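Same chain, two partners: subunit A is paired with subunit B first, then with subunit C.
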Partner chain A sequence: MFQNFRLAMAWVHTWFGLFLGFVLMVVFFFGSLSVFDREIDRWAIPESRFEPQPMPSYDEILKPVFEDMQPSKESVDQMRPRVDGPMPEHFDTPVRWGAYTTHRDPVLGLFAGYRVPNAKNPDELVWGTRTIDPRTGDALPDDQLKIGSRFFYPLHYSLNLHWMDLGYWIVGLAALIMLVALVTGVVMHRKLFRELFTFRPNKSKQRSILDLHNLTGVVALPFHFMFAFTGLVIFAGIYFPVTHTQLEPLHDLHEVVESQETGLPHESAGVPAPTASVDAMVAEAQRRWAARDMAGDVGFLALQHVGDANGYVSIYRAGTDRIALTGEGIHFKASTGEVLREDPPPSAVERIDEFLTGLHLQHFRHWLLRWLYVLGGLAGCACIATGFLFFVEKRKRQHAKRGQIGARVVDAMAVTTVTGMLIATLGMLIANRLLPTNLPARGDWEQYCFWGIWVLAMAHAFWRTAPVARARLAPAWGEQCWAIAVLAVAAVLLNWVTTGDHLLKTLSVGYWPVAGVDLFMLVGAVVAILAARRLKRRARPQPAASGELSGETAHA
Partner chain B sequence: MSTATASRAQLLSRMAAALLGGYGFAWGFIALGVATAFAAGMPFHDAEHLFSLLAFLLYLVTFLWSFAARDPRRVWLVLAGGGALMAALASLIQHVLV
Partner chain C sequence: MPENIMLSVALILSVAGMGWFALALDTHWKQVCGKQPRGQASSRVLRGLGGAALSLSLILCLKVDHPTMAALVWIMALAGAALIVAFTLSWRPHWLALLAARPPRR
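Let's look at the complex of A and B:
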């Protein structure tokens, strides 16, 4: 079927790369944005524009907030069919309380899980969340969408497509294909070292596109490989739920042994008991970390079996000073404050796993490295986008001659997933600044704007790629570049008008979360204008220069 | 059957083998690895992490092999047959342990 190994690999690279490339584009771009998800949250929620805060005092700030919380309406509604009898008006048996923060969070996210009377599965809880200002304990309005950490970030790994976890599976397949594309790409080219230094922008368009595709792929090859691979590893439990299906009995066997070993009660005792000072437990945990020569702040604090004699408090360290995503958890008996257990040092396998996970999720405090992550991700985007362009350039003349529409459809999809995606993203940020603050379910509207604008951009892309069918350049590219430039500048201006935080102000006080988002959009606008102008020059008729293409490009 | 349809059918078969056969093979590999390593005294979560980590690399290799191999029937035999065999062995070990 395939004449030789290299041609087989080239076929796999071209076709799997093309189809999953549209998904990979989304994954790489929103992954890049997620490096600064908390900062985008600041931009989108002006009330939260203050300095990052440490975990506040539980006894003074968190306790009254937790006591005031209730499960969300959605969670209660979802639970309703799995309960015998009516739902209570008020849930008063909290099972789990938790608070999570990072070194980049001014606001603090809390969650609470409650037992449901007469639930068919008594272990199933209903959940509520709240975001507070940790300095005062005041709640932030619930319907403010954290666009960075609650929309762009989950878009990166689940496409926000939660039906049957379908989004996770599509992204997982795309990640596998990314690995496949990297290996097959290397097999196809062989002259790896030379490609690191090869970019001929002034040769024919097809030639320079391929140079750029190879360059961005090879320069960041280890980065791309590590991210696709670690991304799969992070969700291994979803992709291969072996130990929760086939090997469930073995898993249960191990869990019984484990809870005996850890001494942390799996069930509540059913006997009420007061909670001792959690602040004292935090102080003890920090003392123990310091004694291990790894002094640090609390990243995650959780109470299990709240108000029960079996209750315990788990305190985990924030991993700001290392790559590995570790917690160094210390667990206390809630009623007395005595230490029940200190998580043992990780085994070799755990260390590898924590390193790979941490490498991807970057909880560390290192701004240069964060920017390198963004650049690596954007290099990935450039690699995928140039792959699309090369596919189109290579085929459009032939397709035009034969009256086929393949090249045009691919070009339209490429416009949709490259420039269209940027337009949707900017459109969402603009909607965030324009929608009235008291609009009910405002966050939902922001999401509708994102998807709606993307669909419009797609329609435009399919309409304005018609010339590709005649082997010419699609005007859609240039037009959408201009749209990006206009929208990016508009977003920055709207941020100024609606919050008063213009760049001179945010830069002079060094408030980088907002200044950074603004600057990033302005740079994007400049790049878009340069691209649009260059495209305009390209669109002028020029003598065909296909003769010089040979060898390497022939098999792609 | 013309050669074009034959090669299209073969291509579909290879794609299915790469995606589904490879998945089954990786599944069997994790199951057998976890069961064996746990039986041999490795902590459960260590075994789980180690073998799913290796399984993704294995999946990548079997995916490429599905297209590179000369005979697609052999690909199916190894991936589906091997996957089922490993999964069955894993269940057997579990049966003995639990």
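Let's look at the complex of A and C:
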């Protein structure tokens, strides 16, 4: 079929890269934003603009909040068909309570799981969540969408497409193709080291685009490879769902055996028992971590079988000092406060798994590395975007001559996923500042704005790429660059007008979450303007492309 | 040395190291220094300097953080440094004459 191996690899790289590149663009861009998801939350929810807080006292703050919680309406509605008889009005048997925080969270997320009477599967629970100000225990309004951690971050790994978990599968396939694209790309690229630093903006358009594609792909190759790979490792349980299909009985048995080994009861005893001081347990856990010379902030605190004689409290530390996603959990008997179990040191396999997942999920405290991750992610975006541009540049003259629309369609899709995605993102942040604060389901409206604006940007992209069919530059690119610049500045100004937090203020008090988001958008605006002006210069007629392309570009 | 300074030095060293590696390649040497012969700064010496700078950068990273974290910081710093060197070469190549200890090409 192909003359040689390299041509075969080029075919795979071109076509698989093209089709899943649109997905990868979304994954890379929102992955980069997710590095600072908690900071974007602060920007979007002005009430939460204060310093990160440690896990508050359970006895004083958390206990009354947990006791006040109830499962969410959605969770109860979902459960309804799986229950014999009517659902109760009030759920009063909590099975699991948990609180989770990181070193970047001012607010604290809580969840509670409740037993449902007459459930067909008695192990299935209904769930409620709440976000509180840990200093007072006051709840934040449910309607406020945490845009960073609850919209951009899930968009990164699931495209927010939850029907049949399709989003996870598409992203998984894209990650697999990413690995393939990296390997085939290296095979195609004949001068990997000799041209490592090569970018020739003054050569032909195809040549300079390909240079940039190679540069951003190769210098961040370890990053691209590790992130695509670890992303797959993290969701291995979804992609190989054996624990809840073929091996379900084994999985259930394993849970029981494991609880016998660990001494942490699998079932509740059915005998009520009061809970001892959890604060004392936290103090004991911190003493034990300190004895092992580890940072001792509590990251995750959970009560299992709440108020039951078999109840236990698990306390995990926030592993801010390591890449590995560790917890060094310590488990206490809830009624007495005695230590039931200390998690043993991980085995070699567990260690590798913790490192790989931790590398991707980044719970560590290291601002430089976080920014370097953003750089790697944006390099990935540049690599994919230049891939699209190269595809179009290489084919548009030929397609124009033959009257085919392929190049135009790809260019329109590229505009949609590159600049259109940025416009949708900025549009969502602007909607977040403009929608009335008392609007019911405000978070849903913000999401509609995001998707609606993206569709509009797509329509514009398809409309204004018509000149590509005549082998010319699409005006859509430049126009959307200007839109990005205007929207980014507007978002920064709206943040000032609606909250009073202008850059001079946030910078002078050093409130980096908000100052950083503002600055990032302003830098984005400057880059967009530079790009738009450059595109205008390029749009002027210029001598036809040269014949100096090397064999490499010819078959890429 | 405070950690921020050590990490800053590590970043500067990785840029310098990548710069030396680039100068060891004929095309980039010509971009930076024009027709001036390399003389004693043979490509082997330049590669040696580059390797030494990158190693020193790794050592500094290891001094600041746990080895698992330091390795990631270093690898990502190399990626960033390579991008900086590549863009400097295409935008203001004569700046890298500093690393070659030569007057820039006219």
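As a working rule, the second predicted complex is superposed on the first by the 546 of 556 C-alpha atoms of A that agree within 3 Å, B and C clash if a C-alpha of one lies under 4 Å from a C-alpha of the other, contacts with A are read in each partner's own complex, and residues count from 1 in each chain.
Here is the rule we use: a contact is a pair of C-beta atoms (placed from the backbone, for glycine too) under 8 Å apart; a residue touches a chain by one contact, two chains touch by 3 or more.
Worth saying up front: this structure is predicted, and the values here are computed from it rather than measured.
Once the complexes are laid over each other on subunit A, subunit B and subunit C both fit without any clash.
Using the contact criterion defined above for the overlaid structures, shared-chain residue A:L264 touches neither subunit B nor subunit C, since it reaches no partner.
When the two complexes are overlaid on their common chain A, residue A:I529 makes contact with neither subunit B nor subunit C. In the superposition on chain A, contact of A:E350 is made with subunit B only, not with subunit C. The wider contact with subunit A, measured as residues touched, comes from B rather than the other of subunit B and subunit C. Centres of mass aside, this uses C-alpha centres: at subunit A, the angle toward subunit B and subunit C in the superposed model is 90 degrees, to the nearest 10.
In the superposition on chain A, A:R200 contacts subunit C only, with no contact to subunit B. Within the superposed three-chain model, A:L372 lies in touch with subunit C and out of touch with subunit B [touch as defined at top]. Contact with subunit B, but none with subunit C, is seen for A:F5 once the two complexes are overlaid on the shared chain. With both structures placed on the common chain, the touch criterion links A:A273 to neither subunit B nor subunit C. Of the two partner chains, subunit B is the only one touched by A:P249; subunit C is not. Taking every C-alpha of subunit B against every C-alpha of subunit C after the fit on chain A, the minimum distance is 19 Å. Put simply, subunit A touches subunit B in their complex at residues 1-2, 5, 8-9, 11-12, 173, 176, 179-180, 183-184, 229, 232-233, 236-237, 240, 242-243, 246-247, 249-251, 253-254, 258, 347, 349-350, 352-353, 356. Against subunit A, in their complex, subunit C makes its touches with residues 7, 18, 21-22, 25, 27-28, 65-66, 68-69, 72-73, 75-80, 82-83, 85-87, 89-90.
Here subunit B touches subunit A in the complex through residues 7, 10-11, 14, 19, 26-27, 30-31, 34-35, 38, 43-46, 48-50, 52-53, 55-57, 59-60, 63-64, 67-68, 87, 90-91, 94, 97-98, going by the rule given at the top. The part of subunit A that touches subunit C in the complex is made up of residues 194, 196-201, 215-216, 219-220, 222-223, 321-324, 355, 359, 364, 366, 368-369, 372-373, 375-376, 379.
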